[in-house]
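The structure's right below; bear with me while I get my questions together.
To keep things simple, chains are lettered A, B and C as they appear, and every chain counts its residues starting from 1.
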Amino acid sequence: MSLLDISRLVVSVDDKEILKGLDLQVNPGEVHAIMGPNGSGKSTLTNALAGRDGYTIKHGQALFDSTDLTELEPEERSHAGLFLAFQYPVEIPGVTNMEFLKTSVDSHREIKGLQELTAVEFMRNLRNLAKRLELNPDFLKRGVNESFSGGEKKRNEILQMLCLNPRLALLDETDSGLDIDALQIVAKGINEFRTSTNAVVLVTHYQRLLNYITPDFVHVLIEGRIAKSGDATLALELETKGYGWLNGS
Amino acid sequence: MTTDTTPTPKDLVQREYEAGFVTDIDSVTLPPGLSESIVRRISAINSEPDWLTEWRLDAFRRWSAMKEPRWAHVKFPPIDYQAISYFSAPKGDKPKSLDEVDPELLRTYEKLGIPLHEQKALAGVEEDPEQSPVAVDAVFDSVSITTTFKGTLREHGVVFCSISEAVRTHPELVKKYMGSVVPKSDNFYAALNSAVFSDGTFVYVPEGVRCPMELLTYFRINAANTGQFERTLIIADKGSYVSYLEGCTAPMRDENQLHAAVVELIALDDAKIKYSTVQNWYPGDESGEGGIYNFVTKRGSCRGARSHISWTQVETGSAITWKYPSVLLRGDGSKGEFYSVALTNNFQQADTGTKMTHIGRNTTSTIVSKGISAGQSSNAYRGLVRMNPGAKNARNHTQCDSLLIGSKCAAHTFPYIESRRQDAVVEHEATTTKVSDDQLFLCRQRGIAPEKAVSMIVNGFCREVFRELPMEFAVEASKLLEVSLEGAVG
Amino acid sequence: MTTSETSTLIPSFAPWLNRTEAQSVLDELGLPRYRSEPWKYTNPQPLIDEIANFVEVDGDTITSLDDEIEVCSLSSPRAKSLAKTKLGSSVEREQYSPMLALNLVNLTGGFLIRAEPNDRSSTPLVTIEPAMNRCERFIVIVESGATLQLEETCDGGNRVFECLIEEGATLIHKRFQKPSETVEYGHICVQVGTNSSYRLDQFSTGAALRRNEIVVDIQGEGARVSVEGGWRLMDQTHVDSQISVNHLAPRSESGMKFHGVVGGRSRAVFNGRIHIARDAQHTSAHLTNKNILTSDTAEVYTKPELEIYADDVACSHGATSGQLDEDQLLYMRTRGISKNRSREMLLKGFLNEVVTDTAGSRLLGVSNTAQP
């Protein structure tokens, strides 16, 4: 049984069809890369899976661990183990990162019938993770994404992923806007996260993140459909040939 | 404090009004109506000296010639001032000690979480031997029931008592300062208060003394058809410091009740007064029936050099709030601050803000105002920053933000800036936003329920102001805010 | 003409305009009074008194060089029929303000200006000269898809503009307020239609008393409004600008931005107001007013107001008052620039943030060619 099973998915935004019949199966232990030109529907896919308002599933279905995602509220999808790293992480002034993360982790624990973590336990874990991502512990006291640099925002997304330990991580353009050092730190975080029971879907525009994280499958999304699938070598081929040769296939 | 005590937006915005009960107690209440003879009777009940009776009568005559102000951004039907009773007090002589206080009254304050026994801290604050206790003046309708820790405070020379007692024990101070910051005819409601004022609190902190504990006055309106008109006077002598807290509640009643208080603060050289309010008068029901009209005049005078007055207010109650805690910055190098959270919901209306009048040299002021409007409420910030010609190098910074929850509420900002001095710097910034869909979606994607997410975002919006509240005030404030995780971890 | 004569004068100009109505509004509302909220810092009396001195003068204050622009006197039958068709009852705005009614009752002249769409690449231009001793009214109609630029020079008088910008049209109004020893009252009201655009650039120097009232009603979706400018006041002058932008339709944008330099014994009054109606969701509106005082006898009174009844909006406002930055001054002086030159350069930079027009910067003495 696949962890994520998408079949003939049609999604529209503002009455405009963006995804036009997409199929994708992701099994535990796998890393998938979804590539494609701007406007091909990459972010629409991740937003629709996470349940953002305005992304309407018109036809087809998306099953997460055999549950139809459309039946779940965004927070229920999160509780079920689906994580989205945002392309543009939003700022929440005045709410500290720490408070935000603890509320998030405790919400997950509550669903599982677990006690809330004490502040001390929580902080011990969080400080370790922050260290691994080379984030200054000071940033935990700052407002969520408030006056964060682009790189800090993306590392913060990975920190949240490691905290929540989801079964499926959708990473939307997590590599964009990162310098080479930050890219390596982020890649290291993702590689350490990988196990045989979870899965990662990387949505990316460029091949360079794939130099550090080797995908099991590469899919090319063009005009709302998967135009081609292959192994890691497909990404290299795209790097040299661009997307043009796939149009019309 | 852990996050499970986080108020949900429902708690926060539509929480049950827990203080809405009525205490069943025999009261002496003057018949409704206002006249010279009523003013004389109030003065007689308090056994006041002649000068004060005359003072009241003068105020009454001035008030009779004044008109209700209508410039505030609030709407309400005309108030019949002859239908209100201007004095109500529990029957019997004023208790001399706690043992003489009617047990029904003690239970009332216990229910409200206000300790009248000196060994007890405020409910909700952990018993910590290191933590200094809080002295309480409990005002029930028109009179003060009891004032705690008077002995301990007396050892430090601090006077903390009801204003009626201060008239007897410290007439020279009352005579010198009462009406010196808010003149009798300052405005319609201040004049009304000056004529009929009932118990409020008097505080005097002598030169060089740091008041050893927080001082709290808890105001409770209980009787029906009465108004509350307390008067508070705080004097911080040279080099002294005092932190004063004020809380207030009232039963749920269908009619509107008037609360028209006057608060005057005087800070002499190098003195600091920190004045915090959690205003939780009954706001009326979901359809806008009932609730308190909160029309108060609060003003501080930084008379001395380097003196400092700081107002912090969390305004969540009242049907209508009309309130501008202000600072007259007379002393060179004096400092005024105003931190405010005003939350309105249902049909509540608030027109609140501050006036910072810079008179002395090198005076500074800071204004941080956070308005939250929900339901069909209306929330206005009204502020004045005035730089007089003598205010050399004066500075002001104002940050004024509004958050809208729902599409039927309204948020307004009316900031007046008047500068007559080139080296005086005034900066005003303001924003209006709503809780964004993106913020909510981020929280929900991380597994946080929408109600909790809104509450978290609102609390974050108010953080700058909540930070200014003394820890001891957690008992009232925790109804609104969660103590931050950051603070709990240290 | 003496005062006793003017009091009996019944202006005969454009009799179709409903003066009886305006007079009854005046009778009902009464004349504006000093210290009432809209006149908190400005005494209206000199403006009211001045009207008694107004006369009907020969000679036009208006010039148009473009054929696409129709200009006709308000007293002509053509103006009457156009105004009635296009504006309907909105000509009767007098009901809101006694000053507007006063203008109508005492009207000595005025024009209707109408712009049609055209294929030219340049913007048709109408210039309007000062209105000393006149009480004037202009009705400006920019028809659907048309573009029009007004260049107005002000020096005294009493002048009211009523502007209608139809769907997809553009009106640019440049206003040059010359140094003046007289009193001056100006009122502009604008109705902005769907997807249309309005821009006002106002450059003010001092006058004995100068009152600018501007009311912009955004009535159509997708409209864009920009109201900007600066003032530079010296000596004993007094300039009061009261500007309201009312968002009455969704998805519109507005920006209001004024910088002022206030010196001598002058007084600058600014009241900017953004009003967002309940239905005007997805509005973006921003308002700033910055002032630099260059003397301790100058005065600034500013009030940037927001009145918001819709929740899905992005609004901000800000206001400052202060002097030139000492650090910047010092920095320039350490680079060998004289103190006066440094001050002038900094003031120029400050005003040029809002004064993008060369004639405007010349008027305020901050053009690149002007040497201190």
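Note that in this section a contact is a pair of C-beta atoms (placed from the backbone, for glycine too) under 8 Å apart; a residue touches a chain by one contact, two chains touch by 3 or more.
Since we're looking at a predicted model, the values are computed, not measured.
Asks: Work out per-chain C-alpha centres and flag the one nearest the whole-protein C-alpha centre.
Replies: B
Asks: Looking at CA centres, what chain is most distant from chain B?
Replies: Here the answer is chain A, farthest from chain B.
Asks: When the C-alpha atoms of chain A and chain B are each averaged to a single point, how far apart are the two points in Å?
Replies: The answer is 49 Å.
Asks: At what distance in angstrom does the C-alpha mean of chain C lie from that of chain B?
Replies: 43
Asks: Suppose each chain is reduced to the average of its Cα coordinates; what separation in Å results between chain A and chain C?
Replies: Once rounded, the distance between the two centres reads 53 Å.
Asks: Tell me, which residues of chain C touch at least two other chains?
Replies: In chain C, no residue touches at least two other chains, as defined above.
Asks: Under the stated contact criterion, what part of chain C meets chain B in this complex?
Replies: 37, 278, 281, 291-296, 298-323
Asks: How about chain A: which of its residues touch chain B in the complex?
Replies: Listed in rising order, the residues of chain A that touch chain B are 50-53, 73-75, 77-79, 83-84, 86, 89-96, 98-104, 106-108, 111, 116, 119-120, 123, 141, 143-144, 160, 164.
Asks: Using the touch definition up top, name the residues of chain B that touch chain C in the complex.
Replies: 71, 387, 389, 402, 404-434
Asks: Applying the document's contact rule, which stretches of chain B touch chain A when the two form their complex?
Replies: 2-4, 6, 436-439, 441-450, 452, 456-457, 459-464, 484-486, 488-489
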